[in-house]
């Protein structure tokens, strides 16, 4: 392990702490590791130590290369300095990916409160997008963003098709950043079909960080500390898990379906495909007729309603249940991928 | 322990299974127990066994008196029969509270999918409201309600000031009940200031019940089974915990603040109180001036913004931080409770 | 689900409660289930309710068919009545295996305190041995057995080669059954090469049962309640896990190695095989020479000590590391299985 | 946070890595922190990196000042060099307790395999004893100690009245350090009345370290990774928990009772006190008579056996149950503390 302190911008006192773990040798076939960039909170007035090292330890323990980004705050916080420093960090990581042993397509960000605003802005607007974002009691909507620093983007309004999967957590009784900030962000992710996980705890107020007893003294409900292990498990679902034999495959994709991709596929939902016209309609007509016939045969008069219950199933899942051979599915998929998606 | 099967309505085949545990004796000072009513899912076409007994065992283990409500489904499901059967269950529990050893102000409902619709309807519209509701991948908005059974209420539109605290869980990739159903219900609870806890898991699809390996075969992420223990801990926060010495105190109230009560109090938020006019303004003028002066003395020019960051603090919490003596707070509280709330 | 009360012996008031869950239908390909027999404690003076139903709920939830055995106690407790009633229970289960949907080679026992004495006696001496035993703060050695009821066997002295795998738990500060009872039983299991898992918690005293807050009021350390979930996971390791597709394979065998079997095999440890003379020595001479040569080539002078560090490795594991082809290992295994074991 | 590398002995290449966290400021009233010294394993041939930093992260996250001791190994491992280096570490910590913000009466050691031998030797024989020891699949008995390095002490034979509380963990199927090493150490701790916690997992082999997926590739049962969080909770029981308001009180003492102290007290067990003669007998005669009379009154003929069941109760606990006033207990305690203990 080595720890490096890197000055990103001396005039703004923006700094990066890199906690780099070894690879190979005792670590077997681990040649590179996934990484995480930590953005502490502090209303853009400061960068909280309580949301820096204690958080770093958790992801270091899980095998990540960890970076603590102490972005410009206080008098130096003028937008877009903090975001620039994030971009600079990503460029540095790409540059040093060999020296630092980093899988550059497995880089997460985690931000708390105002740091969550920065992390969400990175996830929704940055040139170098992260591959996953963890947002803790984050400042995400207009009201709280403006309060922190007028002139910044409002993450809830910036979610787009390229936004990475997100892990959200907050306490219902947050009395600094209204929990509606997180609720609205969930809704925005849902609208774009982005995958996410979200935990709103009954109570825990604001700023609990890892919720270790030595870190937090606000009343918290017993579930609050779970976000740490849960977020690590979730990252494993999104990135795959680091093992001495290398990374395993992800267990979850970044999108709910292919409904918002440029072309169609069997990973589109039935409901979405049913609304397509033209070539798609032609290609799918027989398939749909066959599925409808099968359902009617099994359920009779109920069939109409029943198919409404599977509108959100992906075509491939329905075809699998219907016992359609894999090669037929593949041929269909190839055909659909030639057809532009009418979103 | 004794198990009773009670026919609620023979023509509709609506049945109640009561699993009643003993009290006193080896159970010390436990004279009565909290209770939970389970409403299995099944699109109002059936009542799933997988969401009945296996769920009952979890809450029985935690010390609850448990009722499985097999409400009218299929051809008998005409609204409001299922809700009537819930009301009937509550009347029965009230009637037999001594025989069944039940704390009638500590009755929760738990419902899955269509059962979640019924539980949420009970929580938002019933004559006999439950004291807490657990809603699992529940059908809560217009689209899915209409699909289940036209003519029923839409829970997301029914949330009111009397709605009990709720515990919500669902999977992001639910392909039967769109997860937006749960998202919209969160939003509705937030708007009314109702306390809740919510867990949206990355993936787990629909109908995982307790997510025990013998119950579920869909792919689920590792966090899904946590809802069982988490919901029990949450009920403990809302109701207090059953111990051989009796129930402990709840650790969490049913509302975010007193902002929606009939009269004001020190449990209203600062932001809400600042908007009050007339008598309230008069009573609070000196208090606010004093708080503002204190902040300005400590933070100077930042003070204006700073006070915006505490708008969601309850007055009593701010007064505590400011070191105002408890008796002053109590006097103020008494005065505020005389003043009607301008919502 | 159905619950049956069966009188095993009216004169001794010995009773069996069977909690039988459904199979097939919504439970998919589950045709039979594993089972567990619960033996509450009570110094053979009584059968504690606190160690009966609340324990049953945990294993019912995990999918087991559950039996609560209220064996002869008090004036009727004369040995071997309680053990007879256990045998009777096993005969009944075998008889009714179809009606009760039970996998008769996946039957566990769990006993607490004096019930742990009975469960351990079943595991070590019964005609119908269980397939796994869970022993909670159990009375297992001479001193405590004699105190409960003179004339009974002492489980620590009865462990034999046929003893099933065991899961032990107790609190270090047990002031009723000295924790040395559990320590001695661990030692006895180790001596016979039986697999086990054991958790001695820092404090929790005696009789905590599931350690739910409504069950226990003694001071317990935070780990105590873990035994419930841990024991269920451990049963899954020993029996395989029940899923809608049927039982999975066990992940752990009942013995440390084949060192105590009638004949040799590649599942014997290297150290054990090295002590064999005659035919075994002849068969293994070349294998050992080859392994030794390989080690010396890699490690030189250290080789002597190094091979001492692998005495407890099974021969098959060493051969795998050494890259010996699977068919050679199988041929060797076949040859060894012809040779009687010199224990 | 700062990290310091300290050369303890250049000729033997013995090194100490200190990971020192900040205090006060954002950490509130935390002025000093508890500490832990990590001793990686490696058969005294090396110090495994897998049992160094990854372990450090876990305790750093929990708020501890962490030291990794890379003691003399390989050609430099001659005994007692490694133990000397431990003593040197403790002296350094004492010297720098202010600079490093360390509570010098809350220092734990954790050792794995051969490092567990060193940690246990520290716990049982060192000049500067630690206050708690965590021993992972540790080499503790004669056989494995001699194999590692002849001439070293055997920890199982060194346990004494001053040995600190221990937390033990190992896998039943350990094929390098026979699990009997841990079993024997449990027994030795029990004999001296030392408090301990112990987890023997069904399987996990040897050297799993934190059992994170990136660290370990041996098959492990699901419970293995729990030792990390469990050991931290246990340290909290022994030391108290670090909070922003300072350390809380320990919840568990280092001894089962006062039975092995120099003088008697009400913290001695009933059984031990009953065996005392002379002055103690005189002082306690009336108390015992009173207790016996009370029991006989309640239970009649059973009373004789009943009192045997409470032999391990501390006198103060029995007196409390019997309703003896606190001031009487205190007077008795003061009297007993004047009387030498006949061990």
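Letters are used for the chains, namely A, B, C and D, taken in the order the chains are written, and counting of residues starts over at 1 for each.
Here is the rule we go by: a contact is a pair of C-beta atoms (placed from the backbone, for glycine too) under 8 Å apart; a residue touches a chain by one contact, two chains touch by 3 or more.
Note that the structure is predicted; figures quoted are calculated from it, not measured.
Chains that touch both subunit C and subunit D: there are none. Rounded to whole angstrom units, the spacing between the C-alpha centres of subunit A and subunit B is 29.
Subunit B and subunit D have Cα centroids lying 44 Å from one another.
Because contacts link each chain to exactly two others and close back on themselves, their graph is best described as a ring. Listed in rising order, the residues of subunit C touching subunit D in the complex are 43, 147, 165, 172-176, 178-180, 183, 186-187, 190, 195-203, 219, 221-223, 226, 230, 233-234, 237-238, 251-252, 256, 269, 305, 308-310, 312-314, 317. Residues 1, 3, 21-22, 25-28, 30, 33, 48-50, 53-54, 57-58, 60-63, 210, 212-217, 236, 241-245 of subunit C are the ones that touch subunit B when the two sit in their complex.
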